[in-house]
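I've put the structures underneath this note.
Each of the next two complexes has chain A plus one more chain, namely chain B in the first and chain C in the second.
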Partner chain A sequence: MKVVDRDKVRNELLTILTELREDWEYSNEITEQTGIFSDLEFESIDAVALGSAVEEHFDQSLPFAEFLIKAGERQVKDITIGDLLDFLMANLDGAKGRPK
Partner chain B sequence: MAKALLNGINVHYQVKGEGPDVVLVHGITSTLALWYTRIMPALIQDYRVTMYDLRGHGYTDLTPSGYTSGEMAVDLLALMDHLEIEQARLVGHSFGGSIGLHLALLHPDRVAGVVLSDTGIACLRRLRTIRDWPGWDLYRDQLAKYGITYDWFVEAESEDVATVIRKSIEIPQQFGPRKGSTRATPRFRRLIEETSVSGDFRQVAGLTEERLAEITTPVAAVYGETSPYKEMAVHLAGIRPNYSCEILEDIGHFYLLLRPDMFLERISGFLRDPAAYVADRRGSEGENGEAVRRATGAPPAPSKGRS
Partner chain C sequence: MSGPVILFGLDGATFTVLDDLVRKGVMPCLGRFMASGARGTLLSTVPPLTPPAWTTLVTGRTPGHHGITNFLQYESDDSRYLRLVTSRELCCETIWSIASRQGRRAGSLNFVAHNPAPKINGYVIPGWVPWRWVKKHSHPADLIDRLKGEIPGFDVRELALDLKVEQKAIAGEMIEDYESWIDLHIRREPQWFNILRYQMKHDPCALVGVVFDGVDKLQHLLWEHLDPNMEPQSPSEDFLRIRRHCWDYFRQLDRFLEETVKSAGPDGHVFVVSDHGFTGSGETLFINTWLEQQGYLTWAPGVEVAPDNSHELLERRPYNLSALELSKTRAYAHSPGSNGICIPVKGDRGDVGVTPEEYESFRAELVNALRRRCVDPETQEPLIADVWTREEVFHGPRMGLAPDLTVGLRDNGFFSVLRGSQALKRRPMVIGTHHPAGVLIVHGPGVREGATLQPAQLADVAPTALYALGLPIPEDLEGSLVTEAFTPEYLAEHSPICGPATVRPAHLPPDESRDRAYEPESEAEVLMRLRALGYVE
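Let's turn to the complex of A and B:
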């Protein structure tokens, strides 16, 4: 089983993000605290498209709709890059820390 | 991200699940994200579900024109051809329902049934009940901050609906993950400023009242009691065969976002067998307006404050 680590997934996630947004205007550094809605000015459809892009990149189906629902239920103000990484580390095949 | 080149534009779509085909059609200024978290995951247990971004919306290409229900029905047909969907149940929210009706009119063999989720139909515009909209009372102060009053709205809307839309998008989001933030995103502004959408969606475009009556495809309408379009749903019961209608109490145009589980419950029987469902409802409740059934759909919102 291939093993992936958080730093590698973070780098790949940032690449996916920049490829997704053709009209990218965000010039600050993206950290794990960066919010996709408040900082990156995502709309709901961008979050959905990100989910598809991540699934395609990692060639794996992921419970992304469930992830968005849970974020809504927690009434969090935003979804951060760190939240996305937590989600990916918990669900990607071969990711360190993935529950058996 | 899946895209297909159809009628000269790249159309963004998603397909999930297995079973009879269901196609979800969002309304003007929305996207397929409307369905993504609640509706799609539930329906893919029993159906192959396709959802897509309309022309000019989301990740589908924007064009200067082509936004009438007839033109959008041609886009939908092209997507169904591309995905080899012979026949589908169509679920349309708001303007998406008009697109579904238009496709049922033009190609009845391709449409097994249409769900109208609070669809305002252009040829029935006279039946809108804007003055009765509870929001005028509930949101009066908030709307006034953005220069929107009832009198201004009625006058401006009849002259220049684009101005009304421009003003209304200054009001912060009411639902979803971006609640409280602006609706005036660059994508939204491009749609309003660079296309004919604000005039096109109000065009009858051939979907006249007479033609509506000719559509034999089963239709299930689910409307909110406080929606400006409720009377259209009641009126349709008088002119259309194969039609059933439910009015959800104390809830408005966007009940789909507030109470997705209730919506799914209301349409499940219809989606299983549209013709049988409508025939059964007609048989048990009589003709015309008697087919309108009220359903309790009270959200925990202060909609009782209506005077």
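Let's turn to the complex of A and C:
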């Protein structure tokens, strides 16, 4: 089984977001503690687009809708970059759902 | 080498409205374009819904093959969770890719299910992407920054989907603010057109497509102002003012078309196409409420009845199934646009639903119930005009993603998936809804001037566009070349060529069964095959 390096995944995830930060007029540093809704001011559709970007970057289909909906069901106040990283660490090496 | 081929997409355009606008002098260029081109009805997918329809148009394949069946699809074959469709769900090659693979640059603007953008030889700015992600999901990576620097007034926020505003409008919250809604689209469309104009000048492509989706958006809310058959005998000043404002939107589109035809030049072909047509709908069927009444569905505790003043047309939010008591549910609908009913089968997406052995008989029972018992309580007339199984309308390798049943309502409307206080409600006003009859108008060299075409299928556009481009038509396309759009002389001089099958999109794992070598056929064999298919006489 392929070993996924958390630091590597975090750096790549932060790179995706940091590249767009200026366009979003978000001047703070993006860290694992950054909330996608409270800090980055995402709408729900932005979270979906983030999922697509992550899938594209890692070239792997991921159960991102399940992740977002379960977070909603738990009534969590926000999803942090750290939460997203945890999700990626749990799923990057065992993706399901790729169209065959 | 032929001139460029430009697909000028008008989402939801129908001849009912376009012919009226030409008659009233609102769209004079379109009038000239139709008079010097060939026109006909373009039949949409079942259901006539934007994602499967546009995807069929740009792939020449049907939804069971290309894999885009709705706005929302199950995340995977065994998931209960729904996601918005993206290019990763697309299982067939697009015409942009087919052309660019053969050395022709291609450009695609505002097409659904194109995000993240496929890396073609050309450019792609996908539609249905929120502004924060347009740059990331476009191709090439520097395109948006370049356009920002080069196009005065370029504003990615105006260009992009703003779901918050759109949901308000489609939920009826902006129902009294029509003019802001029209203005939004009068501002948005030039953003797309300015890109088209800039790219045609600075990065000319052999094949370009653009979708203007305001046509659909205006018709949904303002159908009464656009359908000539609904024009009141003594229209109020408000009605006339709003209609004039709608016409401003269409006048602008007419200018865009005029400039596009000019840019295409005398050797270029321009196709005006729509993904579906439009009509009026005056009632709402709350399908899940009807299923509840029939004992097929149980709501989860606490699910509230939708308010009577809801003007819901479409609710595209990712919808999870927590609104239902799945263990007591044998049929449900999860999204209104698909008009699709799902039958949970034990073992497929969890341990709920009917057993695999019960499935066929249960589905037949449900079809019968929908046809016979889903009736108008006042007249006892059936509310459902058609019921299709997924084998009938989604046949293909991706059929498993489609709903088990798809229904066509008597007024062509979309049902609501909300919990209603009753199964059928009259709408407070007639709203616009999708109709299968869209538009196809072909213009350019060799096109039969003023011809009226037999109804074509959406899947016919891809082979016809490739033909106009001078490229072979891949052998696995399901659509056919619309030969009657062209003169016999043109067809004789430009013999249609059947080419190798399309290529599997790069994001999919390899399919060994398709990885076979293509053996070129002789010209005579190709012609014989095309004759058999009716492509040439």
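To be clear about the criterion, the second predicted complex is superposed on the first by the 86 of 100 C-alpha atoms of A that agree within 3 Å, B and C clash if a C-alpha of one lies under 4 Å from a C-alpha of the other, contacts with A are read in each partner's own complex, and residues count from 1 in each chain.
Convention: contacts are C-beta pairs under 8 Å (C-beta built on N, C-alpha and C of every residue); 3 or more make two chains touch, one makes a residue touch a chain.
Since the model is a prediction, treat every value here as computed from it, not as a measurement.
Q: What is the contact status of A:59 with respect to chain B (first) and chain C (second): first, second, both, or neither?
A: Only chain C; A:59 stays clear of chain B.
Q: According to the stated criteria, A:92 is in contact with first (chain B), second (chain C), both, or neither; which is it?
A: neither
Q: In the overlaid three-chain picture, which partner chain does A:49 touch, first (chain B) or second (chain C), both, or neither?
A: Touch status of A:49: both partners.
Q: Just to be sure I read the superposition right, which of the two partners does A:16 touch: chain B = first, chain C = second, or both, or neither?
A: second
Q: Looking at A:38 after the superposition, I want to know if it touches chain B, chain C, both of them or none. Which is it: first, second, both, neither?
A: A:38 contacts chain B only, not chain C.
Q: Determine, under the contact definition given at the top, whether A:68 touches first (chain B), second (chain C), both, or neither.
A: A:68: touches chain B and chain C.
Q: Among the partners chain B and chain C, which is in contact with a greater number of residues of chain A?
A: Of chain B and chain C, the partner in contact with more residues of chain A is C.
Q: Please indicate which partner A:79 is in contact with in the superposed arrangement: first for chain B, second for chain C, both, or neither.
A: The first partner, chain B, only.
Q: Check chain A for residues that touch chain B in one structure and chain C in the other, and list them.
A: Chain A residues touching both partners: 23, 42-45, 48-49, 52-53, 56, 65-66, 68-69, 72.
Q: Would you pull the chain A residues touching chain B in the complex into a rising list?
A: 23, 37-38, 41-45, 47-49, 52-53, 56, 65-66, 68-69, 71-72, 78-79
Q: With touch defined as at the start, can you tell me which chain B residues reach chain A in the complex?
A: Spelled out, the residues of chain B in touch with chain A are 1-2, 12, 14, 31-33, 36-38, 40-41, 53, 58-59, 176-178, 181, 185-187.
Q: Would you pull the chain A residues touching chain C in the complex into a rising list?
A: Against chain C, the touching part of chain A is residues 16, 19-20, 23-24, 42-46, 48-53, 55-56, 59, 61, 63-66, 68-69, 72-73, 96-100.
Q: Which residues of chain C touch chain A in the complex?
A: The contact residues of chain C facing chain A are 67, 75-79, 81-84, 86, 88-89, 91, 115-116, 129-130, 132-133, 135-137, 156, 161, 163-164, 317-318, 320, 322, 397-398, 507-509, 511.
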